[in-house]
Amino acid sequence: MPSKNENLGSSKTNKGNFFEDFHVGMSLKHATPRTVTAGDQALYQALYGSRFVLASSDEFARSVGLAQAPLDDFLAFHLVFGKTVPDISLNAVANLGYAEGRFGVPLFPGDTVTTTSEVIGTKENSNGKTGVVYVRSTGRNQYGEMVLEYVRWVMVRMSALALSPRKSPTKAAEVPDLLASVKTSDLTIPEEMTFAGFDSVLSGSPYLWGDYKVGERIAHVDGMTIEEAEHQMATRLYQNTAKVHFNQHSEGQGRFGRRLIYGGHIISLARSLSFNGMENAVKVVALNGGTHVAPTFAGDTIYAWSEVLEKIELSGRSDVGALRVRLVAAKNNDCGDFPLRDEQGGCHPDVVLDLDYTVLMPR
Amino acid sequence: MPSKNENLGSSKTNKGNFFEDFHVGMSLKHATPRTVTAGDQALYQALYGSRFVLASSDEFARSVGLAQAPLDDFLAFHLVFGKTVPDISLNAVANLGYAEGRFGVPLFPGDTVTTTSEVIGTKENSNGKTGVVYVRSTGRNQYGEMVLEYVRWVMVRMSALALSPRKSPTKAAEVPDLLASVKTSDLTIPEEMTFAGFDSVLSGSPYLWGDYKVGERIAHVDGMTIEEAEHQMATRLYQNTAKVHFNQHSEGQGRFGRRLIYGGHIISLARSLSFNGMENAVKVVALNGGTHVAPTFAGDTIYAWSEVLEKIELSGRSDVGALRVRLVAAKNNDCGDFPLRDEQGGCHPDVVLDLDYTVLMPR
Amino acid sequence: MPSKNENLGSSKTNKGNFFEDFHVGMSLKHATPRTVTAGDQALYQALYGSRFVLASSDEFARSVGLAQAPLDDFLAFHLVFGKTVPDISLNAVANLGYAEGRFGVPLFPGDTVTTTSEVIGTKENSNGKTGVVYVRSTGRNQYGEMVLEYVRWVMVRMSALALSPRKSPTKAAEVPDLLASVKTSDLTIPEEMTFAGFDSVLSGSPYLWGDYKVGERIAHVDGMTIEEAEHQMATRLYQNTAKVHFNQHSEGQGRFGRRLIYGGHIISLARSLSFNGMENAVKVVALNGGTHVAPTFAGDTIYAWSEVLEKIELSGRSDVGALRVRLVAAKNNDCGDFPLRDEQGGCHPDVVLDLDYTVLMPR
C-alpha cells in the first residue's frame, strides 16, 4: 500500500547525490549561474567588516592596475562553493578538507560565475554507510576565465537503497595525490597589477613583504560574536542550500540541537580579523589546505591568529612577493597564546579553523 | 485646559486614513518613489536565498531575451505594497486578501517605481468600529509602464472622532466583483522573452511545463527559521512603515506580545523554498488570490508545499506555458503531509499562508 | 625572561594612539579609502527604513537638479567617522561631542571617500589617566571635494607606559573655541539643486519651510527595536573597528556586560524616525552639536522627537530655507512628552541622544 505521500506527492525535489552515485571522472555542471554585484560586496562588508584596501576602494584598485575594486577573494570562494552544495554535499556528514585552491582572475561587479566539478576520488568507509568523495570544482566568469579552482573532500552518506540489502563495496578506493601547497609557478598574479606606487598609509600599515619573517606569529586582537541572522544571511547570499544552517525546527532535534554555522563564514571572519597585523596581504592567491576543526554556533566569539609559513619570491616581480600563512580561528579564546594543539597533541578545544593559504604582499 | 502636548506639539505627523476617510473612486498617489538597485536584489538574496535563475544571472537573463537580470518578482511586489501602507493600512486591523494581481514589465536595477491606488470598495462592519476597504494599487516604472497591479482588502479602524458620538453608517456597502483568477489573456509575457534555448541544466532542474500535471503536489523539503533582524531588515528595505513589525516596546503590550512579521516576508520565503521542486517556474505573472491565514513570529520555521491547480497554454507560444499554483506555507511543520485543513474543515493550525499564483515555465 | 608571547609574537597589530601620542597640529591620513555603492545605500535602507525622498529616488533627485540619488547624509557621516576610529578612538573611554559639522558635496554611488584629521586641542584630565582630544576630520571624494567636515572630542586613555612611572602633564591644555552652530554663510547648498518644482505629494508631506515655526515640537510616533545583528552589520559596513560593538566574549566582562551600540546607529535611527513629521527635511547641511547622552543596547526601542530651534533664510534662495533642529532620541519611551531633562535639571534617564543639526527644506 502506498503511503499517502506517494499517492499525492511529486518526486521532483532534489535528493542530492549519495555516495554510490559518485564515480571518478564524473563531471557536474552546477546550477544556478550567479551575477555578482556591488550589492554582494556591500553585504560582505556588513557581515565581516573587512578593510583590505583593494575591495574597499575603486581608486586604490586603479592605482595598482585593476579596472575597479574586485570583490573580496573569499566572497568569490563562497559563491563558487555554494553552487556545488546541491550536487556534492546535500547528503554530506562532514566537510573534511581543502587542497590545491588557486584564485585566478578577480571577480568584478557585473561578472557572472558558473561552476563545474569533477569527481577525482572516492573511498568507501569501513562502516559501509558513508564514503569520502573528492571533487575539483572550478568557477569561471562569463569569458570562461578561471576565477577559482579547488579540491575539497567530503564524507557523504549512502542512500537507504544502497544500504538495504547490504551490498559489497561498489568500487575500489581511488584517492588522489594532492599537493601540500600550490606550486609557486601555479599562482596567478594578474598581469595588469603593479605595486610599485603602493600607498601603505592608505592601505593601513607600513609593514610590507620584507618586514615579515618565517615563523612570525600575529595574534589579531579583535573578536567578533556571531548572530543567527548574520550567518543565515551570509549563507543565503552564497546560495548555499545546506539544510543544517537554516532550520532550527529540524536541527533542534539534530546532533547539536542548534543550527550549525557554515564553515566558510568562519574563514571570512578570520580573514577579516587578520587585517589587524597583516593589512597589506591584499590578495589571496592560493588555498593550500584547510580544515574546519570544530563546529561553531551563534553566540560564539571568533578570534584569529596567523603564522608566516613561507616567504615566496615571485619570478620577475620586484614589486610584490607572496606569503604562505597559517590562519587559525578559535572561539571564545582571544588567541593571545596562539592556540593550536592541546597537551596530548590533539586539537586545542577552542580552535575551529586551521587554514593554509597564500597571499600577495607588496615589497 | 490644553494638555502640555497640545501646548507644544505639532500635528504634522501622519495619522493615516481611517475607515470613514475612504470612499469609492478616491485616488491616492503614494510617497516616496523608489529607485531599485543591485543592492536591493543582493539583500533580497541574503534574506531568502532564492535560486531562480532569471534574477540570479545577467547572462542567463540575456539568453532568454532580457537586457539583464530583473529583480525578483516578489521584491517588486513588496516595494509597491510598502508604499501603500502609510495611506491605506496605517490604521488596519488585518490584511484580508489579494486578488487580480498582474505582474507587468520586469523591474531592472536603476528603475524607479511610483505607486498609486484607487479605492474600489468599502463595507462598514456591523460592530460600527471598523470596515473593509478594497483598493487597486498600481506600481509603474519611470516610463509609466505597469510593473504590478493588484487588489487587496484590509480591515481598517474608524477614528475616535467618528466613533464618538456614534453616527449611523456613512455610506452604503460597495463590494467589488473580483475574479477568481487573472484571465489568461491578461497575463503579461514580455514580448522579448523567448525560451527556445532554455538551459535546464543551469536553471537547476530537467522538469519543464510538460512534466507537471494538475493535482500534483510538491512538498518543498527545506525549512527556514526567521530571526527578528531578518524580517525587520526586509520590511524596512520595502519602506513598509507598519508599526507592528518593528516595535517590541509597544507590541510587547499588544495582542501577541511580540513583533508581528510582515506577511509578505512569508510569501518570499515560501516562493524561495518552492525552488526545490519547481526550479523552472522562472517568472511570476499573476497573484490570483491569497490569505495570510495566521501570524508568524521570530523563531518560527517556515516550510512550504505547492499544488498545480491549472495548466495554461499561452496563445502563440510553443516555448512557454503557465502553471496556476497553490503555494501553502506552514510553520514548524515540514509539509510532508501537505497541511491545509484541520479535521473540521477549518484551517490547519500550522498553516500561515495560502497563496494562488501563476508562473511561467518553459516547455 | 620574556613571556612566551614575546618569544613568538609580532607587534604589527595596531595599538591605536594614546592620549600622550596626540599633539595640537598633528595630521592624520586615515586608512582605508572607501568606494560607496548602491549596495551600501540598500543596506542603509534595510537598517533604518529611511524614506526621505532624495536618497530614495533617482528620478526625484533629478527633478531637483542632482545627477542621481545621493547616499543618505548620515551614511556619509558614518563612513567618514569609521575611518577615524583606528587612529583617534581605539583607546577612547567616551565619545564626548560633535561641533562645526558641515556637509559639502553629496556622495553618489561610485565615489571614493578618503578621510584625514587634524588634532585641534588636547586637555589632560586631573586623574592623570585620561585626557580629551579634539580633532577636526574631513572626508573628501575622489575629486578632492569636501563631503563632510566636523569636530569631535573624545576622552582617550594614556598608555600603561605613560602612567608608570607617573609623569607630570606633558603639555598645557589647549581647548579650541567651537561655534555653537555652523554659520549660515558656511552652509553648503549644492548650486545645481533647485526646489522650484518640488513635488510634495511624492515627498510625503504638504508641510514646507514656511509651515514650521521656532519652538514647534514634533513627537515622531514610531519606535524601532534594535537587534544585535543589525547594529553589528551597520557598524561593520562603516568599517568602524571599535571593539566594544562586536565582542560579547570580552564585553560580557566589561562595564555593561553587553555589546555597546555605536552611537551613530542611534543618530541614523532617529533621523529615519523623524521622517514622520519632517518629511521635507530633504538634506542635512550641518551638525552643530551633539551628545550621546546614554548608552544603548540590543533590545532597546528607540523613539525620537524634534524641536525647531531656528528658521534660516538662505541668501539668494527663494526656493529653499534651512531649519536648525534639535533631534532627541529616547529609549523605551514614546517621546509623547518630549523627554529631555529630569526634575533636577539633569538628563532624563531615557534620553540617549541630543543632536543639533540643520536641514534644508523647500519653501
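For reference, chains read A, B and C in written order, and residue numbers begin at 1 within each chain.
The definition used in the following text is that contacts are C-beta pairs under 8 Å (C-beta built on N, C-alpha and C of every residue); 3 or more make two chains touch, one makes a residue touch a chain.
Since we're looking at a predicted model, the values are computed, not measured.
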| item | value |
| --- | --- |
| Superposing rotation of chain A relative to chain C, computed on C-alpha atoms, to nearest 5° | 120 |
| Same-residue or different-residue interface between chain A and chain B, half as cut-off | different |
| Centroid spacing, where centroids are CA-atom means, of chain A and chain B in whole angstrom | 36 |
| Set of chain B residues in contact with two or more other chains | 37-40, 42-43, 109, 227-229 |
| Contact footprint of chain C on chain A as seen in their complex | 37-43, 45-49, 51-53, 56-60, 69, 109, 201-205, 207, 211-212, 215-225, 227-230, 276-279, 299, 301, 303, 332, 334, 336-338 |
| Residue ranges of chain B in contact with chain C within the complex | 4-5, 8-10, 12-14, 29, 31-35, 37-40, 42-43, 86, 109-110, 112, 114, 142, 227-229, 232-237, 239, 241, 243, 246-250, 259 |
